[in-house]
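Chain lettering (A, B, C and D) follows the sequence in which the chains are written, and residue indices restart at 1 in each chain.
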Amino acid sequence: MRAHETSLRIRYQETDNMGVVYYGNYFTWFEVARTEYFRSLGLIYRDLEAKGFYLMVAAASCRYKSPAKYDDMVTVKSSIPEIKNSSLKFEYKLSVDGRLIATGDSVHVFTNRSGHPVRMPGDVRKALT
Amino acid sequence: MRAHETSLRIRYQETDNMGVVYYGNYFTWFEVARTEYFRSLGLIYRDLEAKGFYLMVAAASCRYKSPAKYDDMVTVKSSIPEIKNSSLKFEYKLSVDGRLIATGDSVHVFTNRSGHPVRMPGDVRKALT
Amino acid sequence: MRAHETSLRIRYQETDNMGVVYYGNYFTWFEVARTEYFRSLGLIYRDLEAKGFYLMVAAASCRYKSPAKYDDMVTVKSSIPEIKNSSLKFEYKLSVDGRLIATGDSVHVFTNRSGHPVRMPGDVRKALT
Amino acid sequence: MRAHETSLRIRYQETDNMGVVYYGNYFTWFEVARTEYFRSLGLIYRDLEAKGFYLMVAAASCRYKSPAKYDDMVTVKSSIPEIKNSSLKFEYKLSVDGRLIATGDSVHVFTNRSGHPVRMPGDVRKALT
C-alpha cells in the first residue's frame, strides 16, 4: 500500500520549557496523520465511530531524532505495514525541511462502543488493501 | 459560601517556548479546582454526569498577572459568587508562594446529555447553599 | 484594518469526555489564528522572538455558543480592534459551516526577554496600521 | 534501586471523545512520575536545568491494557532499570484500583543547553546508585 503524507505547522501550545516540542505531542501528530491517511482512502474516521466502530490504541512509540521547534512545518509520512483480522499497525516518519526529526508507530484494535474487539469493518479492509 | 483551595504542581507539559505556563492551560487548572471544590461539598462531578447532568461551560476568562513556571506549586482559591436556576459562576484566584499569578472566572450551565439546559439538580443546589 | 481568516480541522486530542472540544483548547486556536494573521501581514512571530520581542498574554476570554466536534472544520475570523503603545487586542469569531460556535478576545503586551513591557517594534506597528 | 510511586487524579482535560484518556496524555503522567521519582531522591529537575543540564527524551513507548477514565486515581510505579554514561531508562506501570491500565518506558539523554550529550552530572549518578 502506498504511504501517505500530511503537513502541519507546529503550534506554540505544543512547545515546552526546553524551547522544543513536548515529547507527548508527537502522538497528537500521529493521530492527525492517521485521520488524513484514512480520509485519503475515502474513510472518515468520525463516520466509523458513528457506525459504532472504534480504533482503540493498543500500543504507541516514538523515537526522537532531532528537535522540532515552534512554527516549523512538519511532514508526517504514514504507512500501514500490518493488517490483521481486527487490528492494524501504523508507522510514521516525521521530518522538517527534509531533516528526519522522529519515527514512530502505533497499533490499533477495532472495537465496538463498549470496547470489545470486533473484526475490521469490510469497507475499511477493502479500502486498505 | 466559603471559598475552597486546591494546590497543584506545574507540569513540564504545561510550559511553553517562553519558559512559562501556556496561557490556555490555566483553564485546565480552573477545571481541577472546580472538581475539587465540588468534591469538598460531597458532590462528585463524575457521578452527576452518570446521572445525566452536565456542566457545560458558557464563558471563561483569565487575567494573567505574573508568570508561572515549571515545578511551581500553584494554589487555586475558588468561590461561587453566583447561583441561578440552571447556571452558576466560579471565580478563581491563583497564587504561587503568596504571589498572585492570575485571576479568572467561568460560567456553567446545567444541561442534559443532549446539551439542553435543565434546572440545577436539587442535591447540587442544597450542597451549594 | 481588515479581518483575517484561518481554518483548522478539530483533532481527536482536542475533544473531551462530553464528546465536544474541551473549553481550554479554544485558546490554542486563538493562538493559531494570531500567528497566521501576523504571517498574512508579513510578520513572523518566531522572528520577533528571535529579535527579543515577546507577545505576553495579559488577558483572554471565550464565550461558548454551540458545541464543536471532532473532525469539524473551524473557521477563525480575527481582528485587532485596539492598538496601544506596547499592547494590542485581538478579537475572534469561530464558526463551523457558517454556525457561530464561539467568540473570544485576548490582550497582549510586548515585552523583552525578561518580561518587561517595551514599545511595540516599529515594523509591527507599521504592518498593523 | 527501589521503585517509586506517584498518584494523580485524571483530569477532564485529559479525556477524549471516546470517554477515556487520550493516548498521548499518558506520556505527561510519565513525566510527572519521573519528576517525583527524582524529587524523592533529593534531585530537583528544575535545578538541574538551572545548572545547564537537560534530560532530553530519546525514545518513549506505551502499551495500553485497560481504559482509564475521568476522575480515576492513577498510581504510577516507576523504576530505572538502566543507567549509562550519559543516558538512563525509566519504566512505568500504571494502575487504577489495583487494575493494570498501562506499561511504558522512556529513554533520556543528558545534554547541555545546546542539546549536545554530556556525562550524567555526578550528584545525579550518586543519588541514582
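Of note:
What we mean here is this: contacts are C-beta pairs under 8 Å (C-beta built on N, C-alpha and C of every residue); 3 or more make two chains touch, one makes a residue touch a chain.
Being a predicted model, the structure only gives us computed values, none of them experimental.
Taking B-C and A-B together, the pair of chains sharing more C-beta contacts is B-C.
Placing every chain at the mean of its C-alpha atoms, the farthest one from subunit C is found to be D. Mean C-alpha positions place subunit A and subunit C at a centre distance of 27 Å. Centre-to-centre, using mean CA coordinates, subunit B is 23 Å away from subunit C. For the pair subunit A and subunit B, the distance between mean C-alpha positions equals 32 Å. In subunit C, the residues touching two or more other chains are 12-13, 17, 24, 28, 31, 69-70.
Those residues of subunit A that touch subunit D in the complex are listed here as 17-18, 23-28, 31, 49, 54, 56-64, 67, 106, 115. Subunit C makes touch with subunit D in their complex at residues 12-13, 15-17, 19, 22, 24, 69-70.
Of all the residues in subunit D, the ones that touch subunit B in their complex are 9, 11-13, 28, 31-32, 35, 44-46, 69-71.
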